[in-house]
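Residue numbering begins at 1 within each chain, and the chains themselves are lettered A, B, C and D in the order written.
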Amino acid sequence: MPKSIAGLKGIVPPVVTPLNADYTVDYPSFTKVIEHLLAGGVHGLFFLGSTSEVVFHDEATRRQILEHAVKITNGRVPVLAGAVDPTTDRVIGHSKVAAAIGVDAVVVTAPFYTRTSQAETIDHFRYVADGSPVPVIAYDLPVCVHIKLDRATVTTLANEGTIAGLKDSSGDDGGFRYVLSDMAGKPDFFCMTGGELGVDGILLAGAHGAVPGLGNVDPGAYVRLYNAALKGDWAAAKAEQERLCRLFEIVWCGVPRTSAGASGVGGFKTAMRAMGIIKTNIMARPQRSLNAEESAKVEAIVRGVGGLLS
Amino acid sequence: MPKSIAGLKGIVPPVVTPLNADYTVDYPSFTKVIEHLLAGGVHGLFFLGSTSEVVFHDEATRRQILEHAVKITNGRVPVLAGAVDPTTDRVIGHSKVAAAIGVDAVVVTAPFYTRTSQAETIDHFRYVADGSPVPVIAYDLPVCVHIKLDRATVTTLANEGTIAGLKDSSGDDGGFRYVLSDMAGKPDFFCMTGGELGVDGILLAGAHGAVPGLGNVDPGAYVRLYNAALKGDWAAAKAEQERLCRLFEIVWCGVPRTSAGASGVGGFKTAMRAMGIIKTNIMARPQRSLNAEESAKVEAIVRGVGGLLS
Amino acid sequence: MPKSIAGLKGIVPPVVTPLNADYTVDYPSFTKVIEHLLAGGVHGLFFLGSTSEVVFHDEATRRQILEHAVKITNGRVPVLAGAVDPTTDRVIGHSKVAAAIGVDAVVVTAPFYTRTSQAETIDHFRYVADGSPVPVIAYDLPVCVHIKLDRATVTTLANEGTIAGLKDSSGDDGGFRYVLSDMAGKPDFFCMTGGELGVDGILLAGAHGAVPGLGNVDPGAYVRLYNAALKGDWAAAKAEQERLCRLFEIVWCGVPRTSAGASGVGGFKTAMRAMGIIKTNIMARPQRSLNAEESAKVEAIVRGVGGLLS
Amino acid sequence: MPKSIAGLKGIVPPVVTPLNADYTVDYPSFTKVIEHLLAGGVHGLFFLGSTSEVVFHDEATRRQILEHAVKITNGRVPVLAGAVDPTTDRVIGHSKVAAAIGVDAVVVTAPFYTRTSQAETIDHFRYVADGSPVPVIAYDLPVCVHIKLDRATVTTLANEGTIAGLKDSSGDDGGFRYVLSDMAGKPDFFCMTGGELGVDGILLAGAHGAVPGLGNVDPGAYVRLYNAALKGDWAAAKAEQERLCRLFEIVWCGVPRTSAGASGVGGFKTAMRAMGIIKTNIMARPQRSLNAEESAKVEAIVRGVGGLLS
């Protein structure tokens, strides 16, 4: 039975997908990732997001990833699944598969490659919600899809019940704050930031939680940050955030030899390899994986922050 | 037996995909579109490109579209197929299916949604060429994939034999001219513009042909333009181009009610419906189709240009 | 004698420039604006910034504005002056004039119109600092100058003593946080946000203050927000911020009839006119001023927030 | 007496401003540049454009440049002057000075730094035309001013007589073609491209001429290209264009050590220094000048093209 995501709050990391040398998913490592995150106290898990390299996986692999994720998570926390492909009906197809596997909600971007208008994007979410057996969370990710969800788009969709939440990775914290304010009367509407660096400030502003890629490396720290915020201990929240900012510097070690994207998720994977959680830091092709020199930089940063590598 | 695309030159329209009211492909109309284009004298056909709304179609539908296209075309001209999805291995999958169906080449963009570097993009094309049974044509389409193929990327891939051609829809005619010059020693390398509006000038610059979406509406005019250019009759080429520029104004009739993309292909479909070639002007959802008022504007433009609507 | 800006912290509004119907500066109103801000308890004043419509004013007018500003302020708080023009030597010229008038620091952007590299931009600040008699504060404003100051650019310039502070209007709060962290050992380096909407969060992150355009309308609220933050009363800081977010909605009342820029500063001027501080809401041409209907919307928002209009 | 620019057609290079080591204008070299261009047969001269590093020069220097330019040109061809600054009234100021000096028209961009709407930009040109004693040519230069002039903006301004011409440096040759078509009934309206690389094609499309920065280096070649086009000898026009494309590769020799802008104009200056026309290749600060190694690359390209360096 699916867990309700109504009222879901807290830390919901977008889970990395560990790979073998032949680019297949390394399921034993994947299990360890999930257990590592749950041991850190996270409140939910988000699979098949950008951090999971979702668009690199075909339909069969996505299905296997979700089946494994749902089986290992086993109801301990809600499971969110990205239903990410360029257009509406393909997103609905992913949503149905994900729902059948047992996820609790799907996370859906605006169309991409094609250039839809804001009005067509509203219709996109309506069609998806109509076709999806589970709740739909809007994923505002202009860096990948090259359209920003307007405040009016989000509030229209939220007020009519089309979407059950928002993951805001737009970087526009001012705009996000207005959504928080507009949604003040709907406390079950999930409003989370996708950022890593200003979680203390955005929790102060009223966000319900965060979906930080860096949470793969140190879930416990984000949970401590969240709990400090819940208690109103903003000095403690800030201190956790500052340590995480230092840790986040692992995301730039591959650039410019790799793309920024490969450097970011590759930094997470490299740290997790050093911590013994996954076996390789391989990125789905054609992305470049971090080499030995770059990995050494990542490890030095992780070690410098303390508490993660002995 | 596949036709060689080595030396393919001329007009190769990206073929629209006519839809029924339930968004399924209208195959009888699709047959008529192909016959209309061949009757216009085109030199090749490009299916499953952006104008074909490729990203709106799932794998099964894409397969059916290509099967129908190859069957109807029946070797009369080379058939190109878009293998368009965000990442490398999914593109390879589409390429294998397309090759098995009998297309003569696949047309491949840089990765999208993910943000790969230029070096990773070069590797992307190498992996795809390695996995594709048929030649690979690079599709430079920054408006959709948000990365521009550098001149050095194209020439590196061309010189090593990874790609067999370039469809340049970047709008950077200066850059395209350098590619033409760099490829002067490889006359079989296919160098075509994706533009509609400056085909006379780009043919003068040495391009091998064009892949104009507007060619769906008036293929014969583009063929006449091309033939005039071949003979060096630039005044005639220019006159054809100017008439086509006037016709191209059909692409803006839906804006701002629809997105620019829906207005453009929707304009082609609306004109073709008026000309009795297809039954509807329906666009794949969530795109908006042109309404009666917008369609009347399209038809007035077509009528004003002359020669297409009685 | 100039006041030192070393250690300047708090609220430093970018002061609007009230205009007469013939586009000349309305100096009596300008005096009232300055007194209104000082009465609100602000810690400094920033003249000739974007909110002051600096680029609309010629050299003679800028000189008069600064002379008036320095005379009226009369040393009660530090005075900052924008030295804003496209290129280095012209900026130096403005800096010398401003210093002679008696401002305490100049605020300088990267070059614009011309497209300089990050390295050339570093040299720009070095030349300006060498030529300016008063300290230079870097103004990161990509929305106007179309180049973002890299973190390394700021820290290089700060560590070598070229710049005395940063006004960050980039919207990249994550990057700003790294600058704050990099500058932790230099407490006199002025690190202020140019934003209006997340001042509570960015103060929590350690910023020294804010330069909010909306501070023209309600300086006291930003001062209360700042003081609450100083005391660690984050709930109070948040409550002030939320009221200010509601007030900030005045900036969108002119769009789309006016540009976003004219709507924003025009919203401030319209509110201040309603509050009896300035006589007109006229914007420098060719910007459009808010009309009666748009002004009524602004006033309704101001009234709705409470405390400003009886 | 000013020359009429009505009906001005042909090659109108944007003239570089040679500098001394102390960044002052090298007037003897400047004279030689003008004579070199006139000897090449150009049809007009455009001073104080982007290629002239206009925004680096203060008002006094601009005045001296124009006085020298008008004196040396001495009515042999029409003189156009850029009136380039961020806002309307400052542009009017430049226009009046330029007119008093005796230029035949001013060239004016949309406002920059400030972000005006298309409607406000239309008003900007109206105010400027009202205040300028000489005709106004619109300069569409989104790469510097970050706003594109819409086709409707240009045709509105042209039809009401506000602007006397368009210099299109937008790179949008499709849009420019529509302007050419819209202006077909106004043969005195000056429609020139600012590009260097597709002048053959855009002349075929009906453009009246070109304003190519590269014309500083080889004005005669552009004049030959233009004359070939006038005679309808498109093969000859193309051959000239292809040689000029090879020559244009001088613009990339400084990157990435310099900005692209400094590399481009710096390439022109370096070539002209090698040809004995100017004494230095110094760029206005903070731009970097090409160093010895980069200069050697420029000279090798110039030598390789033939006809310019013995």
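As a working rule, a residue touches a chain if its C-beta (ideal position, glycine included) is under 8 Å from a C-beta of that chain, and two chains touch if they have at least 3 such contacts.
Predicted model, so just to flag it, every value in this text is computed and none were measured.
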Of all other chains, the one whose Cα centre sits farthest from subunit B: C
Cα-centroid distance, subunit A relative to subunit D, in whole angstrom: 50
Distance between the centres, which are taken as Cα means, of subunit D and subunit B, whole angstrom: 36
Per-residue overlap in subunit C, given as positions that touch at least 2 other chains: none
Contact graph of the chains (line, ring, star, complete, other): ring
Touching chain combinations (by label order): A-B, A-C, B-D, C-D
Touching residues on subunit B, where the partner in the complex is subunit D: 171-174, 177-178, 181, 195-198, 200-202, 204-206, 232, 234-235, 237-238, 241-242, 245-246
In the complex with subunit D, residue positions of subunit C that touch it: 23, 50, 53, 55-56, 58-59, 84-90, 93, 111-117, 119-121, 123-124, 127, 143-146, 256-262, 284-288
